[in-house]
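In the two complexes below, subunit A is the common chain; its partner is subunit B in one and subunit C in the other.
Moving on, here comes the complex of A and B:
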């Protein structure tokens, strides 16, 4: 257990340090999300009431697209100088690598979301009518749902031809229920109609189940030859 | 050894013709919907066969992850392909029936949406198989199949809970209560025929996959034995 924790921490520290110095994934993701927000904003031009109804969908579509940008780069880094091959022959636990990557991506995407939130509020004149603190839970649980599957499927698409195209093709169908729950919870909070509790519970269960499945199967993917 | 394929194909053809007769002629016309209801004899059996194929695919995928046998992988890809074909039939015949009866082509109700997402997942499964190469392909595909299976449960629950603002359509003449015995017979006859047809196609597809596999192995061996010859080919 302590080996798992130490290797996870080392992987995470390495990823954070690399990202801090280059800011490649972060800048690409941020700019991409900004573009999506701007394009949606002037193609719909909603009133305040309409904005509350559609913003939930727009926010998560923007996040989903920009997460793909980050995830495609997440593993590509490990291919240079055969880092992944070296990892495969080392005795370090496979799941530590996966957990380190997932937590790293989670932090990047969460940071982008927190920077995007004010922009959304400005462009769509948003004011939540429901309990807005619940939005933090939606962000955390929803982002984890996208990132845990995304990191896993990025490791799969790494092994295919034209891998950058492959990732959304396999990730989006699996993410549909999670996106539906995130959109539902966000819309509920913005419009103040009903409670987001059910959607939050659903997201929590989704997170736990898919994290478990990923941890069970990651070793097979890493050692697939 | 002589292949039993022609005999099985003939039997399947006879069964399909019998099913066609049952659905088009023998089954009584439904009171309110009229002849439109007859699409039910293709829609429902296709759905059952598609779900059976996908269930088989998940079982084969899990078996593959445990045992790593190439035969099981060939069965997994065969069942997935046939399942996608039958699922496509379901998704095409459904709206064709819904438009005159419900007045709409499509509604985001739990059963429709789950079937659509299931179709999307298995299409992505086939795309993944197409885009990955070598010996890692079966492992990656099997892993995706397991994810897809777990996901379907979530899809069904999520649509039931978060899409309730849409009215639940009432399915007249469904497989629930009060179906005429002749209708039930036509339905089951078609199910048997479709199932036989699906098994036949899976079997042919399986043999094709095995032949492909041994051809690949042969080429790989030949390349090891005579590198010069393989390069010139």
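Moving on, here comes the complex of A and C:
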């Protein structure tokens, strides 16, 4: 078994165990996403047709903001008692830490999305008129796009004084193309007007590019002072 | 402002070095530089004949002033994770390193519920889990009662006999009195003097040696 895979698996298992015990990130994410759903639902009271048109934007805005909460928590754990230094002095590959954290964050965000999906459907009276199975691709590719960049930029902002503010400031502009593709694909699937294939292809390319760049640069980020 | 200035020192293998100095003297920074956590703006660190500190990372154990442990995990869970970073997955070996510092590996308590002394012991076990030949210990006896400190120091003596090089930053000379081969004194970021044993009169530092062997 390669060192990269072994350490990635150990980091993922450790992060899942920590989250299971503390539920810091998960509870905060769920609460935040729930607030967005409920408040927007009461504010707009959209008809079924309007809901299909705005739901894509609402879903991904809720996911984007709650992802920030998870990302800040994920690295905050490593800063408590300077645990990150124990990783930095070890010969373990930096990318294993990055991949372990990214997959962990991906699973947390995906779990919140799956819990929120029925609520979105109920509150906004949603029914997809397009190929609904494509929503699974949008969820997977879109969540990975947010999480891979978020994990990387959260690591960069780790040593800044106001990292909770820095992360959204860096992450949002970088994520705009991905968010637009996610919203476009979701709206297309919900309204049944046109094809989501182009947006999905864009998301897949975006994921590959940003995952590769993050993997190439993460070692410098981890060992920077 | 530089934390260390023109520090030039060599440390022989199989010896214990006690590093003393006032707060802000640069003791912890010296260990961080040797561990590869901080880069010197000038000069270099050589360990076991190598300038590439990443290449010898598996031969160095580092215990910081903070415990570098996850509070929500048990002792065994913590050490299993940190051991995996060094390619170790032998549960028996990991249990043994916890027992060696006087803790129970089967204890289900989370590290967050440990006393300061227990955390220090576990932090030492973490630094030792991969059987390093060089140990960098930053205040390992802080928050530990004198009896436990002397016991931990005796363990350091045993490790020295096994041929390990140990650098200990401490404010408690009495704890390392029977173990340290040499004392190194820092002040204002400079290495001011070195002396044999602990408590001997400081002498001026000898010129450049520059490597850990």
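Heads up, the rule we're going with is that the second predicted complex is superposed on the first by the 224 of 225 C-alpha atoms of A that agree within 3 Å, B and C clash if a C-alpha of one lies under 4 Å from a C-alpha of the other, contacts with A are read in each partner's own complex, and residues count from 1 in each chain.
One rule holds in what follows: contacts are C-beta pairs under 8 Å (C-beta built on N, C-alpha and C of every residue); 3 or more make two chains touch, one makes a residue touch a chain.
Only a predicted model underlies this, so the values are computations on that prediction, with no experimental measurement involved.
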Looking at the overlay, does A:210 come into contact with subunit B only (first), subunit C only (second), both, or neither?
first
Give one of first, second, both or neither to describe whether A:48 is in contact with subunit B, with subunit C, with both, or with none.
neither
Tell me the contact category for A:169 with respect to subunit B and subunit C: first, second, both or neither.
first
As a test of reading the superposition: which chain, subunit B or subunit C, is in touch with more residues of subunit A?
B
Does the superposition put A:184 against subunit B (first), subunit C (second), both, or neither?
first
Per the contact definition in the header, classify A:129: touching subunit B only (first), subunit C only (second), both, or neither.
neither
If we overlay the two complexes on their shared chain A, which of subunit B and subunit C does A:161 touch? Say first, second, both or neither.
first
Name the contact category of A:199: first (subunit B only), second (subunit C only), both, or neither.
first
Once the complexes are superposed, what residues of subunit A are shared between the subunit B interface and the subunit C interface?
225
Subunit B residues within the subunit A interface of the complex:
65, 117, 120-121, 123-124, 127-128, 131-133, 135-136, 139-140, 143-144, 146-148, 150-151, 154-155, 157-159, 161-163
Which residues of subunit C touch subunit A once you look at their complex with the stated criterion?
35-39, 54, 57-58, 60, 62, 64, 66-73, 77, 80-82, 84-87, 89, 110, 126
Can you list the subunit A residues touching subunit C in their complex?
3, 6-7, 10-11, 14, 17-18, 21-22, 77, 80-83, 85-92, 225
In the complex, subunit A residues that touch subunit B:
149, 152, 156, 159-162, 166, 169-170, 172-174, 176-178, 180-181, 183-184, 198-199, 202, 206, 209-210, 213, 217, 220-221, 224-225
